[in-house]
Amino acid sequence: MPKYRPVDAMKAPRFTGIGSFMRLPQVSDMAGVDAAILGIPFDTGVSYRIGGRFGPAAIREASRLLRPYHVEHEIEIFDHLSVVDAGDLSIVPGNIQASYQVMVDGLRPILESGVVPLVIGGDHAITLGELRAVAGRHGPVGLIDFDSHTDTWDSYWGERYTHGTWCRRAIEEGLIDTRRAVQLGIRGSLYGSEDRGGARALGLHLVPTEELLQRGIESVLAEVRQRIGAGPVFLTFDIDFVDPGFAPGTGTPEVGGPSSRDALRLVRGLRGIEFVGFDLVEVQPQYDSGEVTSLLAGTLLHEFLALIALCRRDRQGMPGRAPA
Amino acid sequence: MPKYRPVDAMKAPRFTGIGSFMRLPQVSDMAGVDAAILGIPFDTGVSYRIGGRFGPAAIREASRLLRPYHVEHEIEIFDHLSVVDAGDLSIVPGNIQASYQVMVDGLRPILESGVVPLVIGGDHAITLGELRAVAGRHGPVGLIDFDSHTDTWDSYWGERYTHGTWCRRAIEEGLIDTRRAVQLGIRGSLYGSEDRGGARALGLHLVPTEELLQRGIESVLAEVRQRIGAGPVFLTFDIDFVDPGFAPGTGTPEVGGPSSRDALRLVRGLRGIEFVGFDLVEVQPQYDSGEVTSLLAGTLLHEFLALIALCRRDRQGMPGRAPA
Amino acid sequence: MPKYRPVDAMKAPRFTGIGSFMRLPQVSDMAGVDAAILGIPFDTGVSYRIGGRFGPAAIREASRLLRPYHVEHEIEIFDHLSVVDAGDLSIVPGNIQASYQVMVDGLRPILESGVVPLVIGGDHAITLGELRAVAGRHGPVGLIDFDSHTDTWDSYWGERYTHGTWCRRAIEEGLIDTRRAVQLGIRGSLYGSEDRGGARALGLHLVPTEELLQRGIESVLAEVRQRIGAGPVFLTFDIDFVDPGFAPGTGTPEVGGPSSRDALRLVRGLRGIEFVGFDLVEVQPQYDSGEVTSLLAGTLLHEFLALIALCRRDRQGMPGRAPA
Amino acid sequence: MPKYRPVDAMKAPRFTGIGSFMRLPQVSDMAGVDAAILGIPFDTGVSYRIGGRFGPAAIREASRLLRPYHVEHEIEIFDHLSVVDAGDLSIVPGNIQASYQVMVDGLRPILESGVVPLVIGGDHAITLGELRAVAGRHGPVGLIDFDSHTDTWDSYWGERYTHGTWCRRAIEEGLIDTRRAVQLGIRGSLYGSEDRGGARALGLHLVPTEELLQRGIESVLAEVRQRIGAGPVFLTFDIDFVDPGFAPGTGTPEVGGPSSRDALRLVRGLRGIEFVGFDLVEVQPQYDSGEVTSLLAGTLLHEFLALIALCRRDRQGMPGRAPA
Amino acid sequence: MPKYRPVDAMKAPRFTGIGSFMRLPQVSDMAGVDAAILGIPFDTGVSYRIGGRFGPAAIREASRLLRPYHVEHEIEIFDHLSVVDAGDLSIVPGNIQASYQVMVDGLRPILESGVVPLVIGGDHAITLGELRAVAGRHGPVGLIDFDSHTDTWDSYWGERYTHGTWCRRAIEEGLIDTRRAVQLGIRGSLYGSEDRGGARALGLHLVPTEELLQRGIESVLAEVRQRIGAGPVFLTFDIDFVDPGFAPGTGTPEVGGPSSRDALRLVRGLRGIEFVGFDLVEVQPQYDSGEVTSLLAGTLLHEFLALIALCRRDRQGMPGRAPA
Amino acid sequence: MPKYRPVDAMKAPRFTGIGSFMRLPQVSDMAGVDAAILGIPFDTGVSYRIGGRFGPAAIREASRLLRPYHVEHEIEIFDHLSVVDAGDLSIVPGNIQASYQVMVDGLRPILESGVVPLVIGGDHAITLGELRAVAGRHGPVGLIDFDSHTDTWDSYWGERYTHGTWCRRAIEEGLIDTRRAVQLGIRGSLYGSEDRGGARALGLHLVPTEELLQRGIESVLAEVRQRIGAGPVFLTFDIDFVDPGFAPGTGTPEVGGPSSRDALRLVRGLRGIEFVGFDLVEVQPQYDSGEVTSLLAGTLLHEFLALIALCRRDRQGMPGRAPA
C-alpha cells in the first residue's frame, strides 16, 4: 500500500487539523513518495492585481472538502499513489532571480527522487523556475498550458522576468519542446496584433477560447493528444483560463471564458499522458468570494492526482520513476 | 378567488414591509390555504461548513424580488393558489432528535389540512423529518432529489442522523418508494467507491451531473417522469446541485455543476407530477455574495409554487386536498 | 492617426494614473474625437436596489485591465478611432426631470459634433434622456435592448419616469422606430400577464432568454440584423441581461440568464450596424464581488468601441459624422 | 400587564421566525400599544452614498440579538411597555413630496393614539416628515439631534428637501422649539465657514464632537438636560454620529468620532426627558460588515425603548397618553 | 534552550509554510514541551450565530503576523518556553457529550505532562470540557473569565450543555473555586433581571463593562489579583468581551465594549498568576473582516504565552510542572 | 486667489466626475501650484500582505467625501492654497531600484518648484525614495514618523531595500537629521529585543503607543515640537499607526493602537512646523471594509493640507517657496 494518504474524514471531521493539502502528511523526505504538493508563494511577477502569495494557504484550506475517490475516473487515488504535502519554498519576495534559484534548488531533489511535483502558486512567473528544474531532469518537455493569455511578451517596463513573459523565456532557454506544446484558452483584449502572432512565431500551438468552445471539448482533446504524443509533459494551469464568474479570485481576469465544468472535462481528457509535473497558478484569494476560486483550484489539483494515479494503475509504473 | 396572496408591489415598493416570503401573509391557521412556506432553520446535521439557520431569513429577504406571474408557464400563480408564510418551526439547535419531533409535529397539521408545504432549510438532515410527516399522511412517497451528493452514508463519527445520511435513514424507515425515486446531479469526489454503489444498492436511481448534462435535460426529464409515474411525490432540492459559480452560499460545494438555468429548466419540466411537499435546503448566507444564492433559492421556490398552481389549474383540484 | 488613445501600458503599469475609462484622455472639447465615454451617475429611477451612482467610477477602475487590440475582430481599435473620456454629467440626484434636462443638454454638443457617445449609467431610466438627445439629432432610431425586463410598465406608485417605464415613454415620445426595435433577454417573473403582452402591443419585438438560448445565437443575430436593417441605431445594455452568476452587481437580478460569453458573442455579431449611441446601465458595485460585474461592463464597452472602429475601417467613414 | 411583547427566546431560538424588530408582534391597530417601531425606508434625500431603503430590514434582522431586560437601567422593558412593530410606510422612492405626505398620514394615527413612534430610516430627510406629524400633535418640540453634520444647508443643486437641509426646513416651518434644541457630534470638513455659523444663526445649540469628548459626557449631559427642560422632545439619531470604526454602514461617514459606548452612555443619560418620538437614520447595510452597524442601531432603539419604559415606571404614566 | 520554537521569519517569509499557530512545530509528543496550542473546533453549543469550527484555522492563519519578542514585557518568549502546536481535537460536531469526552481524553495527557494548554475554540461550551480535565489534574481552580455574558443560564430549550450554561455547570460540578473566580466585561441586554443576580448567587464576582471602564483598568486589576490570590487559575477569554468595532467576527456581539487595547492591558496586568490553562473562544471568521478579529485572538494567545514565559523566567519553574 | 481648487460640490454632486483627490484639477505643470497630491503605487517592498498599488486609487475615491473647510482649524484651505492632483508616478513593479529612480526623478521638479508634495503610497519603502529627493533639495530633514513599526531592520532575506528597512537606509544615507526625528506609535511583537534598541541606537526618538496614550496627546505633542524645532520636516504616516478596528486595510496590522481621533488630534497639533513633504502609506484596499481605511487616509491628507494652509496664512509665505 502507498505510504502516505490523507487523514480519514470518518475519523476526524474535515474542518479539524492543521490545513495541509487534503490533510495529507507534511513530509519533506521523498522516500516512499509518488507525488508531492509544493507551495511556491511568489507573486512579484505580476503586472496588475497582486496577492498570490496567499494562494497556497487558501487552496490548502479549501482542499479540506476533497475526498479520496474520483468518481468519473472510478479510482481510489490513494490506493495507487503515495502523496505528501511538502510545504512551501522560502522564496524571496521582490527578488525574482533569487527566487528562481530557490525554486530550482527546491524542486531538484523532488524530481530526482522520481516524485511528481504539483506546485501551487504564486503567479505564473514561477513556471519558468519549475521548467528549469524539470528540464534539468527530463530535458525539454511537452507543455500543456491552460491560460487566457499567451505569456509570450518580451518584457514589461524593462523587466524580462514576469508572469507575462515566462513562456517566451522558457522557449528561449530551450526548456520546452515547442512541437509538443499547446496553449488552450487565449481570449480577451491584447496590447497589439503582434501578441498572438508572436506566440505562434515561437512555435506554440494556440487554441483560443472561442475556437475551443465552438469546436467542442472532444475535438480539441483529440488534437491536444495528437500534438503532445509520447514523452514527458508539464501541465500548467492558470486559473484565469476559467471565466471569472467561476473563478473571480485572480489577477488579470478575462470575461467570456470556459466554465469550471469545461475545465474539469478537459483535464480529465488528458488521461494517459506522461506528466512529470503540474502547477496551478494565479489564485489571489483577496478577490475570491465564498472560496469558489480556491475550491476550483484544489479540485483541479485533485484531478491532476487522479491522472497520475491512473497512469500508475494502468501502466504499473510511474513516469520517470524507478521501481521501488 | 384564493384567500391569500402577496402584497401588491404597485402599492408598496418591494423593499418595504417585514420580509415574509414574497411578502405573503403571515398566517398559521391553515383554513383557506393551498400552500405554505415554512422555515426549518436547523443546521446541526452538517459535516463541514455551517450556518443554514440563517437560510430562511436570507431567502425571504431575497424573495422580495419575485413577482406573481410566471412567464414560461404563463400562469398567474396567485389566481389559482392561496399561499401563506407560516413562519419557522422552533427547532432545538444541537439536538437533532428533539428537532425531528418538532418537525413532525409542526408539519402534521399542515399536511392534514391538505396544504402543500414548501420548506426552507436548514441543512439536508431536515428532509428526514419532513418525510416522516409526509409518509405519515401519504405513505411511502416518490422522491426527486436534486443534489450533488447521495446522502446515503451510514454515519459520521458515530452519528447516524446527519445531512449525509438522511436518505439512507428514510429508505430504512420505509418513507420512500425507491422504485419512484431519482437523484439528480451527483458529482465530485467521494469517500470511497462504495459510496455511489451504496446509493444504488439502496434502490436509488442516480443521474450524475455528467450524465445529466451530456444526455441533455429533455432526455433526463423523460426518464424522470417515467420512473416517478403517478402518485404522491416529494421534491427536495439541495442548492449544491447547482455549480458554486451560481450558488456559492452553501456548505459542501462541488465545482463543475449545472447552471442556474439548467436547474430552472429541470424543475419546469416536472409539470404535472403530484407533489405533496417540497424543500430547498443547504443555503448558507454567510458564504453568499450579492444574494445570488438566496435569490436562486427563492426563485426555485417560486417555480415550485408555479408547479402546484399549474396542477390546480389543469386538474381543477389539488393533490391530497378535498374540495373546499 | 487618431488624436486620442489610451495611456500605453508598456510605459505606465495599468494600475497607475487617475482612472478614466481605459486611461483615455479626459477631454471635453469634441474636436478630433470619434467616440466619447460619458458617465451619467443617476440612480433615482430604480424600483428595488439602488447605488448605480457609483457605477461609472467602478467601471472606469475595472477598465484598467482592457487593452487596445480586439482579438476576435482582429482590429487595433485606436488606430481607427479617437476616443476620450468626457467625464460625468452633473445630474441632480432625486430629481429626474431636472436630470433629463442635464442629459439632453450634455449629450447635444457631443452628438452635434458627430461623436458617438458611450454612456455609463446609472440606472436604465437614463436611456430616455439619451434617446431624447439622440432622436433630436437623428430622428426616431432603431433600438437594440439587452435586458431581462421589458421596461414598458406605465408607472410605479404614480411615478411615470423610472427605470421600468423608460421604454414605454420613449415609444410614446416617438423616439424609437419600433419597426426597428428588438428586446433580447426577457425572463423572470412578472407583475402580470399583461406585462409581456403590453410590450408587444407597443410594437417591440421580444426575444426572451429561453427562446434566445434555445434557438441559438447565430439564429437570433440573423433575425436582429434583419429587423434592424439600415439607419441609425441605439444600443442599450442592461447588465441584468447576463446571469447574476456572472454579473451579481446589479439592482434587479434575474437568475437563469445568458453567460458573459453569450453576451459577448451577441454583441460581436452586431458588426456593421450603424450605431449612433450606446449605453451600459444598472451596474451597482455595492453588490459586486471581485469586480466581476464592472469588468464585464467595461469589456462590453470595449466591444462597443470595436464595433465603431470596424465600421470606420470598413466604410471609411463614421455613421452620422461629416468628413473632417 | 402590557399587551404586546417579543417572542420568548427560551421558547424559540432567536434566529427563528420572521424578523420583526426584536420579534415583536406585527400589529397595525394601535389599541393597547405604548410604543411602535415603524420603518420609513426612504433614501432619495441623500447627497452621496445611497441604500438606506434596506436599513429597516437590516436593523430588524440584527435586532434578533436583543433581549428584554436592560442591565444598566435595571428594568424589564416589556413589563412596563406594550410595544409592536407596525411595519413600514409605503413611501414613494424618488418622490420626496409624495413621501412626506405618506409619512404625515402614516404617523398621525399613531401619535393620536398616544403611542410613541420609534422610526427606522431611511435617510435623515425623513425627520422633516416625522416632525411635521409630531408638531401637528404636540406643537413645536424640543430636539436632540445626534449627528456629525448640522443638516442646515439651504439646498443642494436646487433641491430644498434633502438629508442635508431637513433641519433648516423644520426650523423654518416652526416645528422645532430652537430654545430647546441641541445638536451633538458635529465634526469633519465642511463646505464653508458659514456652515456651522449658519446652524447657530438658526438658533441651534451645537456641541461638536471635539468639545463633547473633551468636556466629557457627564458635563455635556447636564447642559443638554438644562437646555431641553420640560415639555415634549423628539430625539433623532444619525448613525454617522458614531465613528465609522464602529458604524461603517452609513452614507457620509466622518472619521474621528465617538465610540459606540460613548453613544450608549449619552442616550442613557437622557432618562426622564419627555420623549414623544425617536428616529434612527442613515444606516446603509451595503457598506456594513458583520452587521456591526445594524446591531448598534438596533441597540440604540432598545435604549430608546428603555427610556420610555423608565418614564412610564417612574411617573406611572406615559407622556402624551391618556390613561387606559 | 527550549526545544521548540517558531520558524524564523528571517529565513522564511511569514506567509510561507503550512499554517500552524505562529508557525510552531506540529508536535503531539509532549516531551520537552512547556506549552501547547490546541484547537477545539466545536461549535454545536451556540445559541445564535454559528461557525466557530473554523476559528482555529482562521486564528492560525492570522498568527503568522506574530513575532517572538514581547515588547511591553520585554521578554523573548521562546528563550524561556518550548511551545508546540498540538493540532486539533477530533470532536464530534452535533454531539456535545461525545465531544466533552474527546476533550477530557485529549487534554489529560497534555496536563499530565505538566504542559500548559492554550486552547482555541470553538464556542464557549468547550470551557466545561477543559475545566473537567483541568480540575481532574489540579482540583477546583480559580477562574478569570473575560466575557460580555455570564454564561450562567440553566438551559436553553431543554438543553443543559451550551455556550450559555457552561459556567453554571462547571460550578455545579465543583470545577471552579468560586471564591477565586472573576467575570469581567458583562454588558448588554439580558433575558431577565435574574440573569445577573443568578450569576452572583452562584458565587461569581462580576465586574460589568461599565464598572470596569469607569473604575479604570489599574483599579480592577488590583481587585482581580486580590481575589484570585495564589493557586492554579484558568483563564477563559470570549472574544465578545471586546467591542464588535474591534472584534466583529463573533456569534453574540454586544456593542459598547472595551477596546482591543483595553483587553491587552488587562491581560498584561495578570503577570505572576499561576495559570494552568487558557482558552480563547467564540471567534467566527465568517463574520470577520480583514482578519481583525482573528488577529486580535492570535495576539491574545501571544499575550498568554508571554505570561507563562514571564512566570518561568521569574520563578525558574513553571506552575504545575515537575522539573525535567 | 489660488489658481487651483476642487470642483464645487454644490455644482456637481460629489459622486460625479473622474476621481482625482478631492476632485482637484489634474495638472502636471507646477506653475501656480502650492501643494500637489502624487500617487506612488509601488508595493514590492512589503514583507507580508501586499496590494498597496491600489492604494492611491482607493484613497482618491474615498476623498470625494472631503470638503474644503477645516472646522477645528477654522480655515478655508483653498483660499490659501493652490492644490492639484499630479497623478501617479510610473514606477516599475518588482524592481525597487528602478522605482527609486522614478521617484527621485518625479519628485525633483515638484520640489524645485517649491511645491509641497503629498504622496499617497504604496508601501513604506517609498519613503526612502522621497527622502532622497527631499534631502536633495533641503539637505537632511527632520522626520515625524507615525508607525507601529520602527522600520529599522537591516535586511529581509538578503534584501536591503524593503518597507521594514527604509528608515535605517535613510539614516545611513544621511537623509534624516536624527536629532530632529521622532517615531510615534511603536507597538506589537518584534523579531527580537534588539529591534527597538537598534532603532534607538540609530538616534531615533521613539514614543511607543503605550507611552503615547498613557502620557496623553498634549504631553507628547509638546515633546515632539520641542525635538523637531525649526527647519524643514518630512511627515510620514503609515496607516498601521492606527488600530485595525479603525484601519483594517493595511499589510501588517498591530492590534491595540490609537483611534482615528487620536491620530487626527496628533496631526492637528503639529500646526506651525515647516513641512516640506508628506506621505501616507500602507493602505491596502483589498483588506478594507466599507472604505473606512481609505476615508481615514484621505482625511489625514486633508489634515496635512490644512497644516500647509495654516502656515501660509500665518506666515504669509510657504516653507521653501519663493514668492510668486
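Labels for the chains are A, B, C, D, E and F, by order of writing; each one numbers its residues from 1.
As a working rule, a contact is a pair of C-beta atoms (placed from the backbone, for glycine too) under 8 Å apart; a residue touches a chain by one contact, two chains touch by 3 or more.
As the structure is a prediction and not an experimental result, all values here were calculated from the model.
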Note to self: Report the inter-centroid distance (CA atoms only) between subunit E and subunit F in whole Å.
What the structure shows: 38
Notebook entry, point to check: Approximately how many whole Å separate the CA-defined centres of subunit B and subunit F?
Noted result: 56
Notebook entry, point to check: Mind pulling the subunit D residues that touch 2 or more other chains?
Noted result: 11, 13, 15, 47, 49, 53-54, 90, 92-93, 157, 243, 245, 259, 287, 289
Margin query: Using the definition of touching given at the top, classify the network of chains in this structure as line, ring, star, complete or other.
Written below: other
Notebook entry, point to check: Among the chains present, which pairs are found to touch?
Noted result: A-B, A-C, A-E, A-F, B-C, B-D, B-E, C-D, C-F, D-E, D-F, E-F
Margin query: Help me check something: in the complex, which residues belonging to subunit A touch subunit C?
Written below: 47-49, 156-157, 186-193, 195-196, 208-210, 213, 243-245, 248-249, 252-253, 255-257, 259, 287-289
Item checked: Interface residues, subunit A side, partner subunit B - complex -> 9-11, 13-15, 64-72, 74, 76, 243, 245-246, 259-261, 263-264, 289-292, 295-296, 299, 302
Notebook entry, point to check: In the complex formed with subunit C, which residues of subunit D make contact?
Noted result: 43-47, 49-51, 53-54, 90, 92-96, 98, 157-159, 162, 286-287
Next item on the list: State the interface residues of subunit D toward subunit B in the complex, per the touch definition above.
Entry: 11-13, 15-20, 26, 39, 41, 53-54, 57, 60-61, 85, 87-93
